[in-house]
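Take a look at the structures below.
After this come two complexes, each holding chain A, first together with chain B and then together with chain C.
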Partner chain A sequence: MQHGLIATTALVTGLLVAAPASAADLKIGLAAEPSALDPHYHNLIPNNSMFTHLFDSLVEQDANQHLIPGLASSWKAIDPLTWEFKLRKDAAFHDGTPFTAKDAVFSLCRVPKVPNSPSAFTIYMKAVAAVETPDDHTLILKTATPYPMLPTDMSTLGILPAKSGKVAGPIVFKKTGCEGIEAYPSTEDINAGKVPGTGPFVFKEFVKGDRIVFTRNPNFWGAKSAWDTVTFKPIPADGPRVAALLAGDVDFIENPPSQDLPKLRKDAKLRVVDGLSNRTIYVALDSADAPTPGIKLPKNPLHDARVRKALSLAIDRKAIRAKIMGGQSEPAGQIISTGLYGYNPALKPDSFDPKGAKKLLAEAGYPNGFEIVLGSPNDRYMNDEKIAQAIAQYWTRAGVKTRVDATTKSVFFSRRGKREFSAYLAGWGAGTGEASSPLKSLVACRKPEIGYGTTNYTNYCNPKLDATLTEALATIDDKKREGLLQQALAEAQSDTGIVPIHYEKTPWAMKKSLTYTPRVDQYTVAMEVKPAK
Partner chain B sequence: MSATASPSPVAVETPLHRLARKFAANRVALGGLIVFAAIALVAIAAPLAAPQNPYDLASLDIMDGSLEPGTPNADGRPYLLGTDEQGRDMLSAILYGLRISIGVGVGSTVLALSIGLAMGLFAAYSGGWRDTLVMRLVDLQLGFPPILIALILLAILGRGVDKVIIALVAVQWAYYARTVRGSALVERRKEYIEAARCLALPYTRIVFGHLMPNCLPPLIVVATMQVAHAIALEATLSFLGVGVPVTEPSLGMLIANGFDFMMSGKYWVSFFPGITLLVTVVSINLVGDHLRDILNPRLQK
Partner chain C sequence: MGYVLNRLIQGLTVIAAMAGLVFVGVYAIGNPVDMLISPEADQAEIDATIARLGLDKPLLEQFLNFVSGVLHGDFGTSFIYNEPAVRLILDRFPATLELAVSAVLIAILVGIPLGVIAGLIPDKPAGRSIMAVSILGFSLPTFWVGMMLIMIFSVWLGWLPSTGRGETVELFGIPVSFLTASGLKHLLLPAINLALFKTSLVIRLARAGTREVVGQDYIKFARAKGLPESRVILVHLLKNMMIPVVTVLGLEFGSVVAFAVVTETVFAWPGMGRLLISSIVQLDRPVIVAYLMLTVLLFVIVNFVVDLLYALLDPRVRRKGA
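Then we have the complex of A and B:
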């Protein structure tokens, strides 16, 4: 009897101990911790990739950022100003409540109402003028002007249950603030796991600075995850993150540093997967017809398009790829990555031509070059500071004596905002996965009131580009719009309004027993981590 | 008679001679001094000794980047210590980096010493509320970790060799002020100062002509140690990315650059600058340690 009890206890204990090992658990080492799980709080890659585990959007983006059905099974433009979304009938929140159009309206209403949001999602609601729900599974969105990007915008907004707020009576959408909603769930509520989503994983734990734990949602409407439990560990320092993978503390890491990749690739126990991202690394040049802070000349030489072209020709993009990026990049000739919507196949990267650069500089009246300061962050993009140094080398050799001013990202971005740089290196991830995003932000004439040139700190203004872009943004026809975007990209390069350097290739490293489908948006999501066959 | 005819053969030993004799008696300290002198010499002669000018971007070639020690360059001459990812010859970069590190260390020490000396003497000699004011300022400053003050200052001032020196001076002057005040308080009660006062010598002459020379011995010790400390602090600041500009690396910056490559097996990028920094700081500390032993009467046998 006694023995039997002990044996049973031992057996049970053995099972309990063995259980986590045999169950499908996944531990992921993150390079950056999300600031919240709230899908409407902070528009940032770590946040956006994390919330997709818990919350779905009406429209989703696949690994190549093409739109695929999410909580809306289909959508179409009934007329240029009206979009109809047919909602999924088989989706339910983690607490069992079925998903209906009311939840969608509730979530859209919450987007501009998130207090203290460091970077709001409100821009994705800008175009929505009216919302109607003819029945529980149909959503009608109306815009004031033709707006082809509406489904893309919807793919960025996570859907929360209406139950999580205080809803009194029917919800009436108003641009100034919805009626019928007394209170929305707070960001803290969502971080504490009090708000269920419809996504493939269920919240278990969020300990800031230490771990985020999710479990599989057995009732998910889509493809169910291969993992019972997923644990995310933020390990921001590159070396320790790689060490954690080598030691087996985690199974999978994002952003292994490029200089470690050759070693990781050689390791028989590991697998490295990489894919082109939507991020373009570029150099922006102040083209103002006025003196510029980084160049001590009475006239701004960069105002001359020939000088800008010369600086582009002086850079050996292939050498930067081989020597600085360890192959983790693709030389760029425009500001949208190869293969994304709007990419113009006719625009090739400028090939390394130091003689041509010197000739153009001489033609522009600077046979002996000039001195310039190149600003750069040193902890934002892959090898950012090293790329800036390499560019400084090339420019100096072409006669333009360059000093690199590299600082931490917060300092860099605030100084860039104050226009302290005549030339700076930065990157742009096309969050929407198509060309209008970089065109609008980087090279359109600065008109913040309509969202143009919000990241254009170089006084570049090309009215022809703006006209083409504006036309594209009002064209619902996909084929025609793509042509217009390609044309706008060509405009930006016609007078070297911006100098594209390369597109980042994002690497992920994992145990040999796993695989990952690389995502263009650089997201690290457990849904794409699968056991290797 | 005979005593006056043949003068005594005993040589008169000046204090400097005595210091030198006692210093040379310790082989380790002498070794430290010789090593530091050698390092300082190659640092000063860097433009002549280095195969490449690592600050001239036009002479670098990233195609020569990340080469192992001993790999020959285009002219067939080997990169003795390898290259970093920008194609900088590590040997040249270390020699030039030493120049910056030692220059910053010595420069900031001299400046901080002058300021600290003046403040300490002023405080000790004037006494009263002036003394209190200066010394509370010193207390306040010493209450914060030096690295914190330097980080804040550099965050405000930005990068640059001159700015690093300013930050190091701001961090260090208080040590000197406190040390000088201590010894000056003792000295000013001695008879020779009273005698000088009775002669109605001017204030500046008493302070700088009489008081100051007698306060110097402990200060020499502190200054020697602080040079090593300043070099290490500059390396720390550059390692953290707030020190010197990236295109003009000091030793700390070289170590920071190479740190990225530690996991990938390219040890030479941070290993050699690290060793150089270690040797430099240790040699200065050996000298300083022994100086302290000599100049501290309590430790005399």
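Then we have the complex of A and C:
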């Protein structure tokens, strides 16, 4: 019996060892190259998806952006101001050093200390007032006010080893700068692979502009990757990226252009996978009670909620989905994607109702409509300019003569910041995977000093919405908070503070022999690429 | 001496004028902060970023800071990569240079023989078809040709890779790819694509040169002397028709290096051109400015050297200049 078991174990182990003998390599064509591998350097999708290969966070987000255990095996709020994270005991860095609470504190200390970060992660450390480590595998985070988003914030911060810096004595967390740390590893050190992580892959090579190569971490604490080696190749141009897949130079690509999808789907050697993303495409309308630059009238018609509703009713979202998006979208009735935390099932997309639109316009005192300019980027979101053109035609048909002003994204975002548009098309990806992200940035009254309305360039301000949102952001109870977020979303649509158009569906294309679990956050990660059964 | 000084002052004036133009032009595109910072950031974060990048200062002050930096050999630090802009560009220079040299070699090795043939037999079908093909080389857009090359040689035939640079080995401390098999395979398609236009140019120059030289007395005399045709062509004809070809190729080389952008984009070649494109898209001002300034510098230097050479060759130029 004993012998039999050993023999079986040996056989099974032998098979397991024998299986990867033929090296399993994966080559991925990226649409955008990360600017660094440093997890605290540049808060941007290409960077965030890339660092997760090397570095884990205390909390992770699964494909649907639900929080799952990472380096913390569990967490809970002990009281409204205190969070306890129990840390894994079986995790180790790539150099063999075991992971402890010291590493976590060290990493949290580093976040605001990254020199010249183009887009810092400091916002995710703002709530943390104090950090304590009662033992090696417990981390206590304290906040000044009740803050339910703390675990979500922790899911954005990669964990580095304390050994990678110069630590003198015990680390004492201070909001103004931690004590006991003399130096942090530089972004360059991390890009050069000098700083080990705990993640499923180990750094091998990073040649800027050409390739990023990782190998499997055989000692990873979680599910081990199916790939021995993963190579990421940045191929920003759409056509060449598809061609590289067709030619077999890469096995997998992100963001195949939507016009190529029908052809790729028909190809027997390829597979196309898509999934709903957290990105809402919307039209924002200047609701100020003052003249607005894109409309040549002494008074701003968009100030009237009936006009905003009319403009929403005039749009045929289903036709945009079918004719422009090739099915790669889902009509939207609120600013958070279906199924994400806070989504309000009662809010349906406005159905196409040109007659209703005309009626509302007449009621508001614009039976003959008016003229308006619709701003849009032309290289930022899937088919952005085409969608804007379609909306312009729908509006014109409803009597509001619309001209599209589409420019490249750098110019568009600058002009939007200077408030040159009375109406513009843009998109919002809910980075946190829940409704407070778009609510806070897009429709809350503009109070940038507290991070409200940072992307609200339309003067929309609904005090009831703000009150509900503020309450939600201080409610630890998950069920109750979800209800409040749903209420705030309904508030934003009650006077059409924003016009949701659709949620983007993100496509990935790959060889038939592979599969991919689509991610709501649009990340392309090798962990989710698996051999097809 | 006066002539040299004159030329030098002219060159420096061009550089100074370009610095102003480039800086103001890049400044006008848009605000980098809108592109860089996370849209969820609060005002304190935005202000901190603006101040750190020095974007809160007036344009003139930013420009003066830039000028004083340049005078100290510092072209600024990339907003995106947090590395000196010049180092970012020079890191990618070998890849672009390799591509450019390969393209020019192809242009010479293919263009000159074809041009000479077309010049020797201008009225025969072979001569005419060479000229017809060269018109295609001039008129087809590089982007489209690149995609066609990929479709034919990578997707359908599967002979050559479609993207990226192959393995590199160090040659005098510089990574080069033409010494490895994989590197050579990766190099071929982009080099051909980049060479296409130059090859057509060389064919036309070589043909014109050949036709001109063929009618000269010394060629007639060489033939009359009974020299074998191969010797007439290889020695007497080639030597004399090469002068304009070399001059033009020398000048064109700068533009091949500086503007391989399209080919690098199509073939995902990790060179300077692609860095320029991505920097423009992301409004990485220091990199754009540094790239354009280095390009200006390159052209000014080339022109300066050419001017000097002319002056050495022709005393009349020297006198006119002074």
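One rule holds for everything that comes next: the second predicted complex is superposed on the first by the 511 of 533 C-alpha atoms of A that agree within 3 Å, B and C clash if a C-alpha of one lies under 4 Å from a C-alpha of the other, contacts with A are read in each partner's own complex, and residues count from 1 in each chain.
Keep in mind that, in the parts below, a residue touches a chain if its C-beta (ideal position, glycine included) is under 8 Å from a C-beta of that chain, and two chains touch if they have at least 3 such contacts.
In this text, all values refer to a predicted model and were calculated from it rather than measured experimentally.
Novice: Following the superposition defined at the top, how do chain B and chain C come out on chain A, clash or fit?
Specialist: Here the two partners, once superposed via chain A, fit next to each other without clashing.
Novice: Is A:P500 touching anything from chain B or chain C once the two structures are fitted on A? First, second, both or neither.
Specialist: neither
Novice: If we overlay the two complexes on their shared chain A, which of chain B and chain C does A:A243 touch? Say first, second, both or neither.
Specialist: Both partners, chain B and chain C.
Novice: On the A-aligned overlay, A:G431 touches which partner chain: chain B = first, chain C = second, or both, or neither?
Specialist: Second partner only, chain C.
Novice: Determine, for the superposed model, which of the two partners chain B and chain C contacts more residues of chain A.
Specialist: Touched residues of chain A are more numerous for C.
Novice: Touching A:G294 in the superposition: chain B (first), chain C (second), both, neither?
Specialist: Neither partner.
Novice: Have a look at where A:P39 lands relative to chain B and chain C in the superposition and call it first, second, both or neither.
Specialist: neither
Novice: Scan A:G369 for contacts with chain B and chain C and give back first, second, both or neither.
Specialist: neither
Novice: Should A:E449 be classified as contacting the first partner (chain B), the second (chain C), both, or neither?
Specialist: Touch partner of A:E449: chain C, not chain B.
Novice: If you've got the overlay open, could you tell me the nearest Cα approach between chain B and chain C in whole angstrom?
Specialist: Here the least C-alpha separation of chain B and chain C stands at 5 Å.
Novice: Does any part of chain A touch chain B in one structure and chain C in the other, and if so which residues?
Specialist: The answer is residues 239, 243, 379, 408, 411 of chain A.
Novice: Which positions of chain C touch chain A when the two form their complex?
Specialist: Residue list for chain C touching chain A: 29-31, 34-46, 49, 52, 77, 79-83, 88, 91-92, 95, 146-147, 150-151, 154-155, 158, 161-165, 265-268, 270-271, 274-275, 277-278, 280-283.
Novice: Using the touch definition up top, name the residues of chain A that touch chain C in the complex.
Specialist: Counting only chain A, the residues touching chain C are 29, 33, 35-36, 41-44, 115-120, 122-123, 187-188, 207-211, 233-237, 239-241, 243-244, 246-250, 379, 408-411, 413-417, 428, 431, 437, 440-441, 448-451, 454-455.
Novice: Chain A touches which residues of chain B in the complex?
Specialist: So the residues of chain B touching chain A come out as 56-58, 60-63, 65-66, 85-87, 155, 158-159, 241, 245-247, 259-266.
Novice: Touching chain B in the complex: which residues of chain A?
Specialist: 238-239, 242-243, 257, 259-260, 262-263, 316, 319-320, 323-324, 378-379, 385-386, 388-390, 392-393, 396-397, 401-408, 411
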